[in-house]
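Per-chain residue numbering starts at 1, and chain names A, B, C, D, E and F are given in the order in which the chains are listed.
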């Protein structure tokens, strides 16, 4: 049970309503999910986090679906139940099939496995892997 | 410093050489990176892990580059230095640009942030997010 | 459901009762929470852990409320549901307001975010940050 | 070694310089640390992350030093070397003594320990701990 | 609730049935637990993961019970509820007593505690601990 | 580089020397490793942590070597470089062979992998796994 109750639109301050309105407009739906309605108890964090999510998750060099998949992989690694469910729903809405999801789980599990082999054996980074990225 | 020295091809058993040969053939290069050369001290795990990586990271419903990006995101979340370097190199070889990489970092960081908001506030999963995936 | 049932005072050994008595006296309440009543199945760990908690969480250079806030931040990062609830209750008893709690969540989330940026980009520690603490 | 080189002021775009200027003005120093100079390769994330840090870490219901302590505790839990060093330096600048730091480590270590006891034994949350926070 | 329903034997493909049959034969029981029945939605991952578990968890230089204990310790550290329950059951079937389990929890909690002390204080590895393992 | 310098025996307070003496007597060696020499800056935590380690890591229902293996598995999962090195050395002194160590890595990696499959698919705990342990 959430430590703070969701704040519904009709009970929200003007500042919070502005965020809810932008969520609805951006997503083209009336639905606002619990994450935002609970975070509304801290209006500054609500506004800042929504603005960040809107900016980061939008299409850029990576498309929005790829970003959702990355998001799910992190949430599975950290075991965030809420985030797994909400971003799996978001990814489906953006075209993720069940096969894409099961492959995503396989990659996530593999990385968690090999991360421990590399860290446990204390494997030295190969010289050629140390080249910096091009600016 | 690695707890076990890399095993070079000329010092490897036939079983280990077979894996090195398959790595080289699959990747179309003579280079075998330290991860495999250190893991060669446990030939069964070497063979099993390489077979898994080859199968899981190949193109399927998700393309190989997307899989590399997911892999990096998990490795950053777990702070596996070796894996961040080696899979960043692999992703670059598959076409990842620096802008894709910086966007990947932004999504990974955002997810790690919001995972804690959801877990900290103990936010209840919305009913509509609970629908199972289609089989 | 706990893997071992809580042990109530009337069913406890003398050794366990001594710990319960000290918990009650230290906290000035009759209530002993499930953490200790389940841990009572391992009396040595019960006694050692309670002694450690009593010593570490008491006021020193840091006041008890600050310590509770730190405790919550760690528990949120690790997603320990029991610990989030029990130490949020403890912090409230020591004067934490809801606004303090929401600010605590914001700092915890920010740190989890920027930790991954620093680790992902593999940012070098600035020379001036390497100075050791004064003994 | 960072995957991207720090961008110095003289090589930075106007957008990035504006952030550097605000960091300097806010902190009343000419020094800009590597975190921001590397993140400058992604100007949008640089601006967003700095704005978030500035807002979240400022005094509110929690004072700035308490927020630094929480930040360090999370960074230790996640093992972010850069963040441990940079925020230990920041906390010292805000008045943290070595004794406060050692107590902080003790609380952080204790929480990481008891988090696993609670999760491992699967201890049920006491009814009285489930009360929501006051809005 | 699982994101995908368990697949029962009678509804399974021939490929999946072959894995179920091997699980039953290896464990000498008719029971197949949910982990495998849900993973059956990805038959390649099911077969690969079962083969890995069968190989890794079998007796070698370490006996099967010791391996189960290690498995539980990792699962507690990561807070995997399913894995804690399933491998605690497996360990019991292999002879783990309750006292062994409570000692296992104590070691797991201690390691999680001291890991943060070592990482937080940034303690340098003693020269004599750096000796590589014998090949 | 450690944030606090190791405190050598000749510079230590009587309280700290007593702990060093007990470490030496218990381990039957003159060597005191950096972990304790750095932690000596917080004498109460030094004494408490050493007493806990001495008690928890001693033989009981689990033998000392098994406990070291569990300790390493946790340290690998959390990526504590210091702890991996120091407890690998400790385990070797107690009879761990290289093959035992490579099997330990394989189990640790497998558990980290399957933990994410179970958490990612949100697999329901089988009814028969929920039975509590015998008191």
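By our rule, contacts are C-beta pairs under 8 Å (C-beta built on N, C-alpha and C of every residue); 3 or more make two chains touch, one makes a residue touch a chain.
Quick caveat, the model's predicted, so the values are computed rather than measured.
A.B. asks: Could you work out how far subunit B has to rotate to sit on subunit C, using CA atoms and steps of 5 degrees?
C.D. replies: In short, 180 degrees.
A.B. asks: Which chain's centre, taken as the mean of its Cα atoms, is farthest from the centre of subunit A?
C.D. replies: It is F.
A.B. asks: How far is the middle of subunit C from the middle of subunit D, if each middle is the mean of its Cα atoms, in Å?
C.D. replies: Computed value for the inter-centroid distance: 20 Å.
A.B. asks: Per the centroid of Cα atoms for each chain, what is the distance between subunit A and subunit F, given in Å?
C.D. replies: Taking the mean C-alpha position of each chain, the two centres sit 34 Å apart.
A.B. asks: For subunit B and subunit F, what's the span in angstrom between their mean Cα positions?
C.D. replies: It comes to 28 Å between the two C-alpha centres.
A.B. asks: For subunit C, give me the residues that contact two or more of the other chains.
C.D. replies: 1-4, 41, 45, 52, 56, 77-81, 84-85, 88, 98, 101, 103, 105-106, 108-110, 112-115, 117, 119, 121-122, 130, 133, 135
A.B. asks: Which of the residues in subunit F come into contact with subunit B in the complex?
C.D. replies: Against subunit B, subunit F makes touches at 79, 84-85, 88, 98, 101-103, 105-106, 109.
A.B. asks: Hey, which residues of subunit E end up touching subunit F in the complex?
C.D. replies: Per the stated touch rule, the residues are 1-4, 31, 33-35, 38-39, 45, 49, 52-53, 56-57, 60-62, 66-67, 69-71, 73-75, 77-78, 80-83, 85-86, 88-89, 92, 97-101, 103-104, 106-108, 110-115, 117-126, 128-131, 133-135.
A.B. asks: In the complex, go through subunit A and note every residue touching subunit F.
C.D. replies: 72, 76-77, 79, 81, 84-85, 105, 108-110, 112-117, 119-122
A.B. asks: Under the stated contact criterion, what part of subunit F meets subunit D in this complex?
C.D. replies: Touching subunit D: residues 3-4, 41-42, 45, 49, 78-80 of subunit F.
A.B. asks: Would you tell me which residues of subunit B are touching subunit E in their complex?
C.D. replies: Spelled out, the residues of subunit B in touch with subunit E are 1-5, 41, 44-45, 48, 51-52, 55-56, 130, 132-133, 135.
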